[in-house]
Each structure stands twice: as structure tokens, then as C-alpha cells.
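Letters are used for the chains, namely A, B, C and D, taken in the order the chains are written, and counting of residues starts over at 1 for each.
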Amino acid sequence: MNFAGLAIALPFVAAALLGLVGKPRQGAIGNAVASLALFGLTLAVFWGHSEGLVAVDPLAALFGTVAGFVGLTAALVNIGYVSADAVRMPARRWRLYHTLFQIVLGASLLGLYADNIGVLWAAMEGGTIAMTLGVSLYRTPTGLEAAWKYFILGGVGIGLALFGTMLVYLAAQPALGPGFAAMSFRALSAHAAHMDGALLTLAFVFILFGYGTKAALVPLHGWLPDSYAEGPAPLTTALSGLLINVALLAILRFRHLLVANQDAMRPGPFLLSLGLASLFLAAFSFSRRRDARRFFGFSSIEQSGISAFAFGIGGPAAIFGGLLHMVLHTLLKSGLFLALIRAASLRGPAAPGNYGFSHMRGLLQANRKIGWLLAGCIFALSGLPPSGLFASEFIIISQTIQKNPYMSLPLGLGLLLCAVAILRNIGPLLFAQAPHEKPKPAGRSAWLIAAHLALVFLVAFAMPLPLVHLLSHAAEALQ
Amino acid sequence: MSLTFSLAHLLGGIILLCAFLQLSQRRLAAMITLYQMEALVLAAAAFWQGFAQHEINLYLTGIITFALKAVLLPWGLREIVLRFNMVRAVETALPMAVSMILGLALIGIAVLVVLPTTMSSISLTREDLAIALSVVLLGLLLMIVRRNALAQIIGFLSMENGLVLAAIGMPGMPFVAEFSVALLVLLAFLVVGVFLLRIREHFDTLDLSGLEKIERRGR
Amino acid sequence: MGVVGNSIGLMFGLPGQGMHLHLDALSLLFGCILLPQVVAASVAGMRASVAFWAFVLGMALALLAADGFTLIFGFELMSAASWLLVMQGDRKPATLYAGVAIFSGACLIPALFLPASSLAFVLIALGAGAKAGLAPLHSWLPRAHPAPPAGVSALMSGGMVKVALYVLIRYAFINLAPAQQPWWGEALAAAGALSVLIGALRTVLEVELKTALACSTVEHVGLITVGLGLALYAKAIGDAELSGVALQAALLCAVAHGLFKPLLFIGAGEVKHATGTTSLNWLGGLMRGMPRLGALMLLGAAGMAALPLGPGFAPEFLLFHAVIGAAATGGILARIGFSALLAVLGIGAALALGAAVRIIGLGFLGRPRSLHAAAAEDMRRGPFVAMALLGALAIPVALVPGLLLDLLNPVIMLLAPEAQTPPLAYAPVTLLILAGLAALAAGFVQTRWGVRGLREVPAWNGGFGRPPAWLPFGDPHTQASATGFAEPVMRVMGKGLLGAGMTDPAERFLLAPLFRIQTRLIRLAERVRRATIRERLAFVFAVLVAFLLALGLGQGG
Amino acid sequence: MLAFALALIATALHISLCFAGAPLLMGLVNKLRAWLLGRRGPPVLQPYRHLAKLLRKSTLVPDTATDLFTLWPLGVFLALAVATMLIPSFATGMLTAQAGDYVTIVGLFALARAATMLGGLETGFSFGGAGAAREALFGIFAEGALLVLLLAFALLAHDTSLDGIATVFRTAHIGISVSLGFALAAMLTVALTETGRIPTDNPSGHLELAMVHEAMGLEYSGRLLALLEFAGMLRLLAWMNLIGTIFLPFGMARAAEILSWPGGLALWVGKLLVMAVALSVFEVSRAKMRVFRVPEFLGAALLLGMLASVFLFVAARIGA
């Protein structure tokens, strides 16, 4: 059965329904139900079969499942968020919010599952517009400013990506001729060797800039930190990582075309330079951040840079590392943001502006469980064991040394600086003296967050063999 | 060289000229007029390609381009100019001469980049591609050298024209009409955004307004 | 789980590869060094801490690792867990500590994958050296080690630095052996000498007991490293006897330090528990309230000062002999260097002696300097058992080092197969017998001609006035203070080596400039962050044009 | 078997002579000093009487001291007693030769120093503390210098035990080299400091602020003071033996040859006499220096010790 098509269609149908009817809380519950169904469908995609514009390979199915999981947990936490915050916006706006939630999910899945580069582009565009509306949802000046930034920078990125897409199509003409075949990833990667190398290289630069904007690689990252910090957190913060994954996977797939083509330039230097720039800019931007959501926005830039770096290094093992890093980081960030939402709501409404580190300091006094879980998530982000990211970063560094030893120096330095800057925040967050307060209940979301952490740990260190095979085959195919 | 190619070249050349002339304008009204011309020629180019390639899709694209870009959007833009009283010359970030030299350099780069490609069996020649790339880059440049929000939007629109120009030249490319619609949605959001957000003068002012307050609150 | 070759594979670890563990003489030795400390620390009150056991697990994994991943995993797990423990004690040094820990990881990972070469050695030395607190990368250690609870401090000082040295030994002696160069050993010895000097000097000067002990750890790491450096040097030039003696010195020093330093740290924790402070300026006379603690600390201090009949003397003895042996080899510059090394070791030993005397004399003897010290009650049961265990194990090290050296032989054979180990010329039992004879003679003279009995009288207080009534133990200011005791050393050596502010040179010349650079880059990043949309677009555009240009030139040219 | 018995007898003789003779040496030095200053001085046997008197006096303990107060004089005494036993006096090849490594001797001196300092800190008043602090400072350079000196000896003798050094220096033709001269100067400097003589300390001084060694024993009385004083006498003898063994090894007897003993004994007594005279002359001709000049004095010794080794390298053209 074509579960992939169903999985893509479901969120858009749900979006339409949620946009038309329901009070905020009902909408949130409906949203959660839809997300649950969607998660089931993304799991089913592994056993489904699909062809045409949407043709799913195991890698896409894996990331689709991850997206489904993240969407589900965000939707679950969203119920509490909406219930606590319902008076902040009129009911109509909440409907729009849930619609956007589903559209972002649907766009991510469409982008992941799409075999057609045009459909991929359209999915990215839809996701961008939906996110922009989400960021400006609260209509605060800062929210509007962030949305405007997102829109201008994202729009330019989308334009460049379209140009790149067309160039790829053009480059494929000698091999595939006019028609749909020249826009299908499968056909393209099968015939990459016969494509026009020079044109393909040019196309890749535009693709890199277009989708790199969505993946928030420096210097294309300008929209990300602000947009993470604005809007309802479950949508603009927890879900937005999914679009980053779509963009990174797209870059990886296009990169493969270049590698497979003899005449094209090597994509390594482009990816390495952008990846390192992301790593270092993030490293030095961390230390003055006072807003946690913005802080972790920069962390997303860093992680995205690491994956891009891994793709730039190339070779099956490095790409394996990069893909693993993406999976782990997505899961971890999702857990982190859920913990962050919970932590902020321990001290008042979880609205933008209430995510300052100073607002959350001394969390252990408010709730031990949430405090330790949030600290655990932040710690895991640093990549020190027993965090799962350690495994992927280890693979990437070791591959870097074998492939391009001198690149390991800046990579190590960047990782070092980032990790230290991330760890620095844990101390005050946990142990600082907080205003005297009564401990508050952790709620059920503590289990969700713990599940994320456990999943990250297990996927990294006790990865089931089928998953190992899936990832390594995908990495081999895309090397 | 057949008539198909030479006419397509001619139309492309006019679009490039319009895009380049936009760089040299200080007043919004003139820029909008140039944009309108650009859109008209683009619509003509779409029709011509549709005729040459026998593609219904391209006719559709031409109609959309004409109706929305050559008529509706310029009207909306002019409305904004009048309503927000932006008839005077806009502030430039770079001296006019410098931005024009940069524009020329960009065209040079576009040609340099496209030059090594070999497009033997493709109807779109490298000149066409170079023109499209130049229009895209000039649009981006326009967004950077003007401090006025509307001028930047015009730059964005011009860049998007370059994209459509490239798209209609692609032989048998699917989704061309869909692409242009999708892009138009983006554009519509931009223009509506200007209306809603009441961005009068600068992106810069929008950025800086209340920045100190935000800084204090902690970012 | 499966067995491949002589290593055990676990299905847990790197995706698709898992982890591999194996045990050889070297890991066994370091495991034996760690075990008593772990037992002692857990008995001393760390049993219930998850982070503590993660810390232990990390060290165990690092010691048992048969592949690079397991090694780094264990190493960094150890760092991460100890970071958490440090942070619970004191947030200030935690960030620096984390930075150093990750730095060593970042140096070690490349080194594991590089082929055997000098570069790999330098990276190993930097990575393991930073973690072990080897000068000039030591300045974090005196800040971080005193922060956590005493049991953890003990394990960090006695165990964690050993794990770092273990990595250094395993790679420098075994894995990188094909590429070994004499200068590796010389460089290690020089770094060790620097550590000895700075560590010992700061031990004398620090007022906080735990900080002083941490500085002493820097010194002992330096001693071990000097031994290792000499062994490496000897191995490279093919001097069988020297490499044997130097390895004996280094390994025995590691064993001894692993016993007396945790003992001292746990004791310091008890002092903190009983008096609420570890500042020597507020202690004094603890021997009255805490006689058992005082006796055990005396044993530890004897080890720290490397006094004969204490656990620390035999390694120091061997080390001196190793340096003398090394001075008989090599070029004239190397020889002069080795004689300077000898002088440094001598000065270091004397400084350590002064430091140990200061800790015992000011902390446990004389009059109390505060009411808390006067009211100190005897130690708790757990820490006493822990310290007694370590003390009991230290006694064989002190009295029969020769037997212990025989046990070290397999390790030495593993590290330097051609090494020869001459018998130890230091015989503590003989000294003990001679001392017994002398004591007998003195006792005989005393019973034959002397009178018995002691009479307690007020001592002459040096002419100071009567202390006020609220100071029943007298005015502390009429007694030498910790700062005052160190003052002559400070005046003569401290100012020259540490500068007027008594800041560590590593902080002034290494850390401070790094922080300045970082601040500058942060400002730059902030400038980027504040950019307007137009400027951000300009960045994008500039990089795009740059890439296109690169492309055009790359393809056109 | 016979050799062992002879060595045993020689060792016993060595130990008993040293223990019995140490006060005599101290008395002799005091007498000589007095003579040189133009005084009559105490009798040569005065130290024995002094010790006997102290033994019969009651022993006072300050109420501010802890229970370990009595331990430190014993520690000082035992460390120095063992050191004295290990340093050869009139013969080589004694039973203690194996244990008598130079480094061990240095360690025993350090042990004695530590016990002295702890005794000084024990009283809980300022003079003991000040004395201990200064002693700690002096020890730094003294120990460094002593160890550096060992390098020169070890390079010449290829042995690090005192017995071995003496055997080599007595038999092999070393000659009078520059480096040994440097070494002797350095050794003497350290010896003067360690035994608390002028110019670094004044053995008969009673101005508390200037005292180092004496300040640390200020609160001791009765038999504990006797122990400390006797240890001081042993220290003087041990140092003289040390210098005699290394720098004046000629004529030392062999423990296994009983016939060489009388000569060795006579020469030993002669050497001690010479050194006592030299010490007295030096002491009366110099003034005591300020405390903070002592480190410079000892630092010079350290450098001399280093120079001794360097000259050895140069002279032997090693490595160059």
C-alpha cells in the first residue's frame, strides 16, 4: 500500500479540519490524535510501497518516522501548552496555529518522501510560509520582526533553490532528456555520471545556498535564532528542526550527484567551509545568549554545521556519522525543547520571553525531575558520553582524520568551544539560588522527555542491526 | 540560428536591461515601471516559448505572469507608494555608480560561470542561462543596495522574474506553471506583509526599532 | 558479547562495531591502583551518588579499552561525570574543567587514528597531560580538584590523573613504540620537572588544605612523568638498565601516590566536616580532638613529603637514581639538562617536605586558631575505615618496596621488553632495625640514668599579653599562620616564579591570552548577530558570489 | 664467615665510637672556638655532663602542645642515629654499607629536619613557627645542592652508596680535579647550614628572633632536650664523617682486614680533629648573615654543585 501518500495527505486533511472548527483545547487534542495517526503511518511506510512523485527509500522512511515521533511528542506537550495559554490569543488564531502545525508536519514529510526535486522544492516553500505565519502568530513586535527576517531570507533561499533545481534539470538533459525523469532523484542518481558536470556544479552551488538557508548554515543562518525564539514554542521551536533535516537530506542527495559525476567539481570544500563557519559562529555566539530558545537555535546551527561538515568529508563512514548525527540531534532537540517548555511553564506562562536562563535558574528547587531532565538534555547536546551524540561525533572526527587530517583541527576546536559554552549553562540552571518557591508537579511530560533521552542513548550505543544496515546502506548509496 | 532562439534572446536581453536599469533608479515609481516592463516582456517570452515548444503550460504561465505581475502587482505597489507617501527618492546604501559597476561585474561573473557549460542538444543556449542568472543576481544586488523596504521587494520580484525566465526556457520542464504560482504566493505574502507591517522606510529601522529594549530583556 | 583474539567484544557501543575490552598487565596494575581508592571513596560517603559510579565506570572502561572508541568513551565519561561532581561542589572552576576535559578528548581522538609518529605522540602528551595536570596545562587542577566532596577529590587526584597517565604510558610505550624518538622522553621529563617545581612551590604557598593537596598532585604527576620521560628516553637510546629503573620509579610512584593522596583528601574532607573549613589559617591543634585522623594524616604527609620509611620515599629514591643514570648518557646539553633536573627534583622534594610539615604542623599541632578547630570531634566511621584501608595498604609500600617492584616486573617487561631491573638499594627494614637499636640504647640510657614523668606547664608565650576571655586557646595571632609560614619561601622563590600576585604562570601566559582572544571573537560574533536584514542578505550574497567566482575560475582555468 | 664477623665487629665499633664520641667532638669544637676567641672555654667533657644533667631534670610539656610533643625529639634522634650508623667512619665494607646509599642519607637528614620543624610548630607560639619556616626555606636549597653533588660523585665513582664512593675515591686515581673542589665548597656550605653553625645560624645564640635551630627546640626540657642535644651532636659528627668519607677517604681501613683498623682509626680521629679546627677557625672569622641572605648562600652551593658536574662533563669530553 502507498502509506507514504497517506502519510503526506493526512496532515493536510487534518490541517483543513483543524482550521475550520474547534476550541483551542479541542484543537490541541485533535492535533495530537492526528499526529498519533501520522506517527503510525510513518512507521507503516517501512512496509509500504510507493512510486511516482513520492517514492520512499528506507532513509527517507527513517527520517519520516523520526519526524512523526517528534511531531507526536510535540503535539502531546502541546495539549498542556494550549490549555495553559488559551487566553493569550483568540480561538480563531489557535485554529490557524494547529493548521500550521499540521502543515509543517505535512511539508516535512512531503519533502522527505518526495522523489521529485520539484515536489521537494514545493514542500520547502510551503514549510517556509507556514513557519513564517507561525513565528508571527503572537503579533508582538519582536515576533513580526523575526517573521519578516524569516520571510526575506527564506524567500531568497527558496528562489535560489528553485534556480538550482532548474539547473539540475538542465544538467540532466544529456542523460535523461525532457520530462519527469530528469527531476526524479532515483533517475538522477542512476544517471549522474552522464550529466553535464559543469552545469551540475553550478546547480549544486545554488542548491547549497537555497537549501543551506533552510538548514541554517552560516552565513545563511540569519533567520533561525530569532524565529526559534518567537511564536508558540511547540511549533516554531520543537517542530522547526524537521525542516532542517529535510534541507540537509536534500543537500546530501544533490551532493551525491556531484560525487558520482566525473566532470563536476568536488562538493567537499563548499560543505566543509559552510560547516566550519556554522560551528565557529555558533561557538562564539553562545556565550552572550540569555534566552534559552535563541541559545538552542544557535545550537541547531552548530549541529547542522557538523552534519554538513560530515557530508563534506564524504565516504560511507562519514556520511553514516552525519546521518546518525542528524537522527540523534533531532530526537535530542525535540526532548530538549519539550523539557524547556515544561521548565518555563513551571515559572509562569510558557510564552516567548519567559525562556531566559535567568528566568529558569535554580530549576531543581521548582522540580527536581524536570530540572535533571533538562540538564540531561543540555548535557547530551555537548556530545560528552554517555550522550549519544558522542558516537556520531566520534565517527565524524575519526573519519576526518583519515580523510583530511588537517580539517580535524578546526573541527575539534569548534566542538570544544561549543561543548564548553553549552555546559556552562547547566550549573546555574540547576544549582543557582532561586526565589523561594514550592516544588511543582512534573506532569506526564517528564516521561516523554526521558523517553527522548533514552532513545538517543539506545540509538547511538545499542543500535539495532536492521537500523545499522539501513543507515550504512543509505550512506554507501549516497557516499 | 533560428528565429526561435533569436527572439528568445531578444526578449531575454530586454529583461536583463530592465533589471539593470532598475539599479540606476532612485525613485520607486520608476523602478515599478521598469518592473512592469520586465513582467510584460517576460509574459511575451513565456508565450513565445509556449509557441515554440508547443506547451500549454507555458501559455498558462504567460497568462499568470501578465495578469498578476504586469498588472496586479505594479498596481498594488503603486498603491503602497501613494498611501505611505514614498514618492521621493530612496536612500541608497552604495553610491549609484558603484552599484552599477557591481551590476556589470555580476553579469560578468554570470557569463564566466555559465561559459564552461556545454549545451549542445538543448534548446536553451548558454546565453539564455547567463541572462537568467544575471537577472537573478541583479535582483539580489538591488535588495542589498537599497535601504527602502519596497525597493527591496522590487529587487526580490525582479529576481523571481529571472527564475521564471530560466524556467520557461527549460525544455519540457514539468511544473513550470506550478512553480510560478508558488512563487507568486510568496510574492503576495511579501506585498501583503508590507501592508500589514506598515514598513515605511527601512528594513534597517524595522530591525533597530526597540532593539535596545529587546537587548535588555535578554536574547 | 563475543571474544575476538584476546579481547572481549560488547554489543554495546559504536553502531555496528560495539566495544572491545581487554586486560593486560598494565591495565591490571592501574586497576589495582584504582580499586582501593574506589572502595575508600565509596566507604567515605559517595556510595549513593550516581555520578560517582559513572565516574568509576568511565575510568574502568578507559583502563580496559581495547579500541579507540572505548578508550575515549571511558575517558570522556570519566571527565563528564567528574565535571558534574565538581559543579555540585563549586560552579566556578567547572567550566574551565570541562574545557580542559574536552580539550584532552579533542587531542586524544586524532592521536588514536594517526599512524605512529611524533605528531601522534605530541597529541597524546597534550591530551593526557592536560587531563593529568601536567605543566603547563595544570592550572585547572588546583581549582577543580578541591571542589567536589572529599571522596571524589580523592578519586580525582589519586585515580583520574592515573588514568590519564595510563593512556600516556600505553600509547607512548606500546602503540607508538615503532616511531619513538629520544626527544619524546626529554620533552616529557622537562614538562614533568616544570610540574614538580610549580606544583611543589604552590603546595607550600596555598592556604587551603585541599588546594594545597591538589597542587601536590601536580607535583607528583610531574614526578611520575619525569620517570616516564626518562624511561622513554632510555628506551629510545637503548639503555636497558636506565629504562628499567625509571619505569620502576614512575610506576611505584603511581602506586604510592594512589594510596597516600586519597588518604589525605579524605582526611581533608573530615577536617572540613569537623570544623567547617579547610583553611590552614583557621585550623590548628586538631590532634587533640581528632587523634585517629591526625595519625593517619601523618602517614599520608610522610608519603607526600617522600620521607624515608614513608610510602613516598622508594619511588623518589629510584627516580633520583634514574636521573643520575640518565646524566651519564647523551650529549653535553642533555647532561646539563639532567643535572638541572636533579636539582629541580631535590628542590621539589624539599618543598614537598616543607608543605607536608606545614599541613601537619599548622593543622594538627599547636594551638587551635578558631573555635571550630578547638571544638572538632573525632572523625566519622566511614571515612575512618576508608583512610585506615588506604593507610594499611600504604604500609607495605613503605616497608617492603622491593617486593612490590618484583610485582611490577611484568608491566615493565610489557612496556620495555629489554629493560633490566637492578635490586633496590633502599632497605627500609634495615633502617627500621637500626632505628630500633638506637631506640633501645636511648631507652636503656633513660631507664638507667634518667628520671621519668612529664609535667604540663604553661609555655612561654613570647611576651604577648594575656589573650581575651573569649579565646580559651589563646590568641591565634601569636602563633605562626599558614601565610606566615610560607612567607620566607614566597619571598625567596615565589615572587620570582609566580610573580607578585602569586598567580600561576600558566594562567597568566596561557589562559589569560586565550580568554582575551575568545572575548574578541565573541564580540565579533555579536556584531554579526546584530546585523540588519540587509546586511545579512549582503553576507549571503557575498558568499554566493565568492563561490560562483571560485567555480568560474576553477572551471575556466 | 670470618669476614662477616669482622664486619660485624667493625660496625659495632663504628657505631659505639660514634655514639660515645659525638659529645666529645662537640666539646672539642666549643673549646677550640673559645680558645680562638681568647677565652678559656668549657671543659672538653662538658657536653657529657650537660647531657647527664638534663637526663635527671624533670621534663616539662607546654599545655598548648599535643600528645605528639614527645615524639619529635625521638624522631630527630632516631633519624640522625640511623644516618650516623650508615655513614662510614674509619672503615669501608661494614655491614651497613649496603643500606648506606647517599640518597637514603639525604632522606634521613630530611626526616630529622621534618621532625625538628614539627617540634617547633608543636608549641603553638611564634618562635617555633618562625624557626620552622626558616628551616623549611633553607632545606629547599640545601637538599637541591646535596642531590646535585651526588651526580658528580656518582659519575666519578659509578656508585651511589657512600661506601662505594669512598672505596673508589680511596683506591682509584681521581686526582685533585676542579669539580671535586667545587663539590667540596658546596658540601661545606650545606654542612654549615644543616648543622646550624655560623654564618647561617648561631649554635650558642640566644636572641630568639635570629635563631633557627635553637628556636625550634625552645620549649623542650629534661630528657627530651637531652635527646635533641645529643641528636645535634650526632649531626655534627655525621656531617664530618660524610665529608671525611667522600673528600678525605685516604687511609680508611677495610672492615675485612683487622690489621688495617688501627691505622684507619687513628687517621679518622686525625681527620675529625682537622675538621674541628677548620670549623672553629671558620666560625670565629665570619659573622652571622641575615636570614634572607642564607638562601643566596645556599643557592651558590647549588650552582657550585651543578658546576661540578658540568666540569666533569667538559673534562671528560663527554658527549661533545
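Keep this in mind: a contact is a pair of C-beta atoms (placed from the backbone, for glycine too) under 8 Å apart; a residue touches a chain by one contact, two chains touch by 3 or more.
Being a predicted model, the structure only gives us computed values, none of them experimental.
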Between A-C and B-C, the pair with more C-beta contacts: A-C
Most widely separated chain from chain D, with each centre as the mean of CA atoms: B
Centre distance in Å when chain B and chain C are each reduced to the mean of their C-alpha atoms: 67
Centroid distance [mean C-alpha coordinates] between chain D and chain B, Å: 97
Between chain A and chain D, centroid-to-centroid distance (C-alpha), Å: 77
Computed distance of Cα centres, chain C from chain A, in Å: 44
Residues of chain B whose C-beta touches two or more other chains: 113, 116, 140, 143, 152, 203, 206-207
Residue numbers of chain A (touch at least two other chains): 148, 152, 156, 160, 198, 202, 225
Set of chain D residues in contact with two or more other chains: none
Which pairs of chains touch, using the document's own definition: A-B, A-C, B-C, C-D
Residues of chain C defined as touching chain B within the complex: 530, 532-534, 537-538, 541, 544-545, 548-549, 551-553, 555-556
Contact footprint of chain B on chain A as seen in their complex: 118, 121-122, 125, 129, 132, 141-142, 144-145, 148, 151-152, 155-156, 158-160, 162-163, 166, 169-170, 173-174, 177-180, 183, 196, 198-199, 202, 225, 229, 289-291, 294, 353, 356-358
Residue ranges of chain D in contact with chain C within the complex: 15, 19, 52, 55-68, 70, 74, 77-79, 81-82, 85-86, 96, 98-99, 101, 103-104, 107-108, 110-111, 113-114, 117-118, 120-130, 132-134, 136-137, 139-148, 150-151, 154-155, 160-161, 208, 218-219, 222-223, 226-227, 291-292, 295, 302, 305-306, 309-310, 313-314, 318-320
Footprint of chain C on chain B - complex, ascending: 93, 106, 109-110, 112-113, 115-116, 137, 140-141, 143-144, 147, 152, 203-204, 206-208, 211
Complex contacts: residues of chain C adjacent to chain D: 204, 284-285, 287-288, 291, 294, 305-309, 313, 316-317, 320-321, 323-324, 327-328, 330-336, 339-340, 342-347, 349-351, 353-354, 356-358, 360-362, 364-367, 425-427, 430-431, 434-435, 437-439, 441-442, 445-446, 449-451, 453-462, 473-474, 478-480, 484-489, 491-493
